[in-house]
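Next up: some structures, all given as structure tokens.
Shared between the two complexes below is subunit A, which has subunit B as its partner in the first and subunit C in the second.
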Partner chain A sequence: MRKKIALVTAAGLLASVVALSGCGGGSNSSGGTSSAQGAAGGAGAGESKAEGGDAAGSGEALHLTFYYPVNVGGSAAQLIEGLCSDFNAENPDIVVEPVYTGNYDDTVTKLQTAVQGGTPPEVFVSLATQRFTMASTGMAMPLDDLIAADPDGQEYIDDFLPGFMEDSYVDGQIYSIPFQRSTMVMFYNKEAFKEVGLDPEKPPTTWDELVEYGQKLTNENRYGVGLALNSGSAQWAFTGFCLQNSENGENLMAEDGKAVMFDTPGNIEALQFWLDLQNKYEIMAPGIVQWTDLPTQFLAGEVAMIYHTTGNMANISQNAEFDFGTCFLPAGKRQGAPTGGGNFYISNGLSEDRIQAAWKFIRFMTEPERAAQWALDTGYVATRQSCFDTDLIKNYYEELPQAKVAFEQIDVAKPELTTYNAAEIWRILNDNIQSAVVGDATPEEALKAAQEQATEVLAEYQ
Partner chain B sequence: MKTYTKKQRELKKNLVGWLLVAPSLAFMLCFTVWPIFRSIYLSLTKYRMGMAKPEWIGFENYINLFQSGLFWKVMGNTLYFALITIIPSMVVGLFLATIVNRKSRLTGFVRTAYFYPVIMPMIAIASIWMFIYMAKNGLWDQFLAALGRKPMNVLSSKKTVLPAMAVMYVWKEAGYLMVFFLSGIQSISEEVNEAARIDGAGSWTIFHRITLPLLAPTFLFVSTIALTNSFKLVDHVVIMTEGAPNNASTLLLYYIYQQGFTNFNYGVSSALTTVMLLLLMVVALPRFLSQDKKIHYN
Partner chain C sequence: MKKKKAIGTMITIFAVLLGLLWLIPLVWLIGTAFSVPSFHMTLFPTTAFTLDNIKYVWNAVPFGTYYINTLILVVCTFVVQFVTSTMAAYALGVLDFKGSALVFAVIFMQIIIPNDVLITPNFMTLSELKMVNTKIGMMLPFYGSALAIFLLRQHFKSIPRALADAARIDGATTWQTIWRVYMPCAKPAYLSFAVISVSYHWNNYLWPLIVTNSPANRTLTVGLAIFAKSKEANMQWANVCAAAFIIIIPLLLAFFVAQKQFMSSFVSAGIKE
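Take a look at the complex of A and B:
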């Protein structure tokens, strides 16, 4: 009996100790998993790690963790891993471990967990619109000193397309470097144009033409215009329409990210125009069409003209059974389009050698040839002026002239909605736009409410 | 052998018991009790990402929530969703149980067929049902088109979005509840039914005069499970709508997630969690209190 009790006691104690130690280690486990993911992240990473190990024999190889999201289909994850192992091969003293972290939202969540666990990744890719949050929460560091110390630093920054570089600044300091950037263009079905007697080489250039063409193109089985109004997409397209309807190209927010201008007369008109497309002209599907459904509908010939990301170029060019064209977003009072996508950030509070290594990695990833190849493989817009001098891009545009429109449009494009607490402000605008779309509020009421709610959230930054 | 007093013996007996539950107790403390108290504490603070420490603000989070229209909308959605899922899934579950209770060669197959949605993860189910509810090209809208009706695009209308999710939910949940009803039905003694049949009772009379009353404990149990489950599921909202349109499908748990992991508002998120905790406690209370009292277990 006594023996039995002793045995049970021992087992019980052991089990509870194991349980408790598991509990205490909770905060570290995120770091543990992430490096495990990194190691498991494909053969490429594994090999490069081994190379780094050899180098460590002579000196000490620096290990950097790199979080990256993938928001487009295809093989982006493999491409990133390939790029990282190229970097590791070229720099034997540095080992970059890429960690795939889901979509943009997941990445921020994982980043947050890693930061709280005390093991942030040295480099990460996050939305350009997250920069105010990254700066105010101290998750990312300003890069100005690195740029100044770099012999051709200023030249490097100046080479980025201004439309993309524009949303890298927080209070005049550069916090991020453009990487996977996109813009919204119009895709249109040339065959549908021919069918209703429109010139397939002359897509709509103004809102009036959009309505006119849309009415011609709409029939029992087809809508003329397609816009995705689900949460997370509505505010992107809305930025475009507001820019187009603005007097002087005013955006939805102040440049310092501390104020929004949702309820201007021009913006109310823009939202009213959306409702008119649905209810007055009946050339756009009523209610809310999902972002991911829209290309499918376009490919099925159910919508003749859609507003979508250039990131969908590969999908549409591979799957369209009809001739399609791309064009600038039709202008209201002026031309305008939103940009979007992800930038490189460096974590705050790193040692000097790690910062240098991280900067080296970013420079490597954004070299013209590499940025050009990345654009080709993914459908993103190449980020640097010099990318467009490469043969890669020249040949690409020759083969797929539709892809060129996005690049040309960057001149008139502006950053999408970005503020402090960006996610919350996005949600507020999306919800209120939807309330107008489903008929709960007039455009004016909706945008006034959005303005009020957003101002309240931003009050603490005034 | 040494002799022990009664008290000592009892202590010793209890000690073994405590040691036996120690492992699970440790887990409970770590992963249930501690987080509960931590949440309650955080709910009384202002705590956002980037702040070094939570800042004590008393009940401000709660006051702000109770004054916000969105909070009440979310609570309304949550209760409405519970209402339109629990009763149908219980009715369907009971119905399925009576079907699979019959002995036939197909019983095994039918039971598996009804139960399999339960073992599928909600994420997978929601992704599949997206194709049913998809605007225009989805199965449902295609069906309407075949009947010559306009597409409904159910997920984008504030009136239809929760009922559409509820249909999917009932489809998943009914099989789960069926298992409880089945074991309830099978625990009813066959003699009672036989006696009734001898007295000339039809199968409907047997069902509502004998089976239903004797299933009362099962009903209470199942309704508690169904209610808490309807609060606990959030995957379908994430996959299908993200709360759209205009928060018409935002349920409490999704709202918590959004505040915590999208807005990084840990204080508010914790306050909402505490509200949820209270809600679940209220739900579980009747079962807790009535244990072995009013309801007749056989």
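Take a look at the complex of A and C:
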């Protein structure tokens, strides 16, 4: 991770030197003409004709390039291509070419390169936490004017779940629209609950209960509690625990993204609680468990309660050989959970007709029915209030009531950690949390160090 | 004598153990790729044999196109490198001209610069040449190879002048001298560079991802990434292994067939990567 950041930075530095030779930021003409057909997701659907003159054969059609990362497996790429060809069929004057861009990190790298090469995509999906970077580097544009000009623009924005919409703002302006969003919930093994005499319909609701249940559930073959503490995941779970332990729901960072509050007494307690789960109560595996291994351990019955993303619902419901339940994350002083995932952005510096076309595309992709279907197909949480009035979601919840918890929990959920230079701040927090987990520092020392390093990094944005 | 024999046996046992250790990932990969997905991680598959994983990933991503693209990329790049590097190495290693040391130093310095750092400048150049999202654009930055020039130059230098002189006396032209004397003598160097070049371009991911947009121009590694990098929820190991299997099989077969040549070329060239 660190190496990657260093590389990207180095690439950026080098580029800025070379950039002196100037590269006219002309509009994008390199996009191949995608003719992806068949929403059914036919295999080679993405056959694209090689580029040629702009709009050679298709009249005056406007070509938009759309970068998207895939984080939930192969079929998501086909779904996106299907959605884009639906859009193209409905809007003959616009051709959206979907371009798969790896994971979130690769997408940012490709985006930066394309911007410097003068061929940015018109629309892209990137982490919601990237918004400060997108705004400060001028890669994305504020969307407020588009919303104001749209007849039902304000209504549209108000329809998004506030917990998701909250991390679209930079300095009071909206920079992104929620798309593939998730939150953290607790999955628990009902059969293990029964086995140790706990009521399977009463999952833990507080930290004290978590410890109490965890102690009952732990035996030589099984841990009571599971948390992924690897770099890149620890900060997500930590946001949740800090929210739960805060007096009034204070998050880890200031809303303007220019300050972090890592070393508050509440947060130190939260980190101490993690260590206690491992060392004092011995109900959680010591050391660092990987994010991608945790669901596997849960399914194998090696952990009874895990903190994981709702995105795992399909995997767990298909593979669990036991009855499982989901619940809100247990509360400390209050309830709380982190949100995460990717949003739509529009590139900066586009011509007016391209901006309008891009906006149209975003509106299309986030229509309630479509957003609902996307949620069902991928495991993300539907982003709009009106999605939950659709039969799609209603039937889904009837079939799989465990999925509903995520939606209900959004009310108490807050954005995960993000600031300017978010990647660096994430690294700082993750590194220091890990040093506490492996015993190199006390929680207080670790968070004080994290606070100090992060403040230094953020100094240039004050 | 006895002692020597004992040591020999021990070394053999150790080598076999090491070999088995290296085999573990491959065994696991193939086992997982060809068995019904399971959430239990075991070295040997515990579930039934199936081709569904392979079928699923093959259909989820246009691997056929990706195969052809990767082959074009790997073959064309190597052929051009072969020609350019031979000529450059001959000039630098055999011909005496003013400033050859400086030219060599400049070329040599390129070995130090990691390719990833050059992604942005290369992309900008290609963008101005309107070559983004083309196969030629994907290959162009690799048409000259500092490593190949260095390798070949060192080899050419070690070939006795007398051989070339003899050829000349027999009436060989410069081309014929290169073709008949230098190239056959430097075969190990060519072979080891071929291995490096082919495996590098076969496995390269970030550059093809960045410089191409349409599936028509993309390579196998981009197809693999759709599965291997999708880890927001959990790793779908069966799919990852199936995709990885599809990608590694040609190189794997090539290795089994041409194992001896690979080994000897590496030993004689004295480099690993």
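Keep this in mind: the second predicted complex is superposed on the first by the 402 of 462 C-alpha atoms of A that agree within 3 Å, B and C clash if a C-alpha of one lies under 4 Å from a C-alpha of the other, contacts with A are read in each partner's own complex, and residues count from 1 in each chain.
Quick note on the criterion: contacts are C-beta pairs under 8 Å (C-beta built on N, C-alpha and C of every residue); 3 or more make two chains touch, one makes a residue touch a chain.
Small disclaimer: the values here were computed from a predicted structure and weren't measured.
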| item | value |
| --- | --- |
| Partner chain(s) touched by A:N348 [first = subunit B, second = subunit C, both, neither] | neither |
| Which of subunit B and subunit C A:S317 touches, first, second, both or neither | neither |
| Which of subunit B and subunit C A:A423 touches, first, second, both or neither | first |
| First (subunit B), second (subunit C), both or neither touched by A:T455 | neither |
| Which superposed partner A:S435 touches (first subunit B, second subunit C, both, neither) | first |
| Subunit B versus subunit C as contact partner of A:Q356, first or second or both or neither | neither |
| Touching partner for A:T205 - first (subunit B), second (subunit C), both, neither | neither |
| First, second, both or neither for A:T264, with subunit B first and subunit C second | neither |
| More subunit A residues in contact - subunit B or subunit C | C |
| Partner chain(s) touched by A:Q215 [first = subunit B, second = subunit C, both, neither] | neither |
| Touching both subunit C and subunit B, counted on subunit A across the two superposed complexes | 12, 15, 18-19, 23, 109, 112, 296, 300 |
| Touching residues on subunit C, where the partner in the complex is subunit A | 39-41, 56-62, 64-65, 114, 116-121, 123-124, 126-128, 130, 132-134, 206, 209-210, 213-217, 222, 225-227, 229-236, 239 |
| List of subunit A residues in touch with subunit B within their complex | 5, 8-9, 12-13, 15-16, 18-20, 22-23, 105, 109, 112, 133, 136-139, 230-232, 285-290, 293, 296-297, 300, 302, 421, 423-424, 427, 430-432, 434-435, 437-438, 440 |
| Parts of subunit A lying in touch with subunit C, wherever the complex brings them together | 7, 10-12, 14-15, 18-19, 23, 29-32, 34, 43-44, 46-51, 65, 70-78, 97, 99-103, 106, 109-110, 112-114, 116-119, 182, 291-292, 294-296, 299-300, 308-309, 311-312, 314-315, 319, 379 |
| Subunit A contact footprint on subunit B (complex, rising order) | 12, 16, 19-20, 22-23, 25-27, 30-31, 49-50, 134-137, 153, 155-158, 241-248, 258, 261-265 |
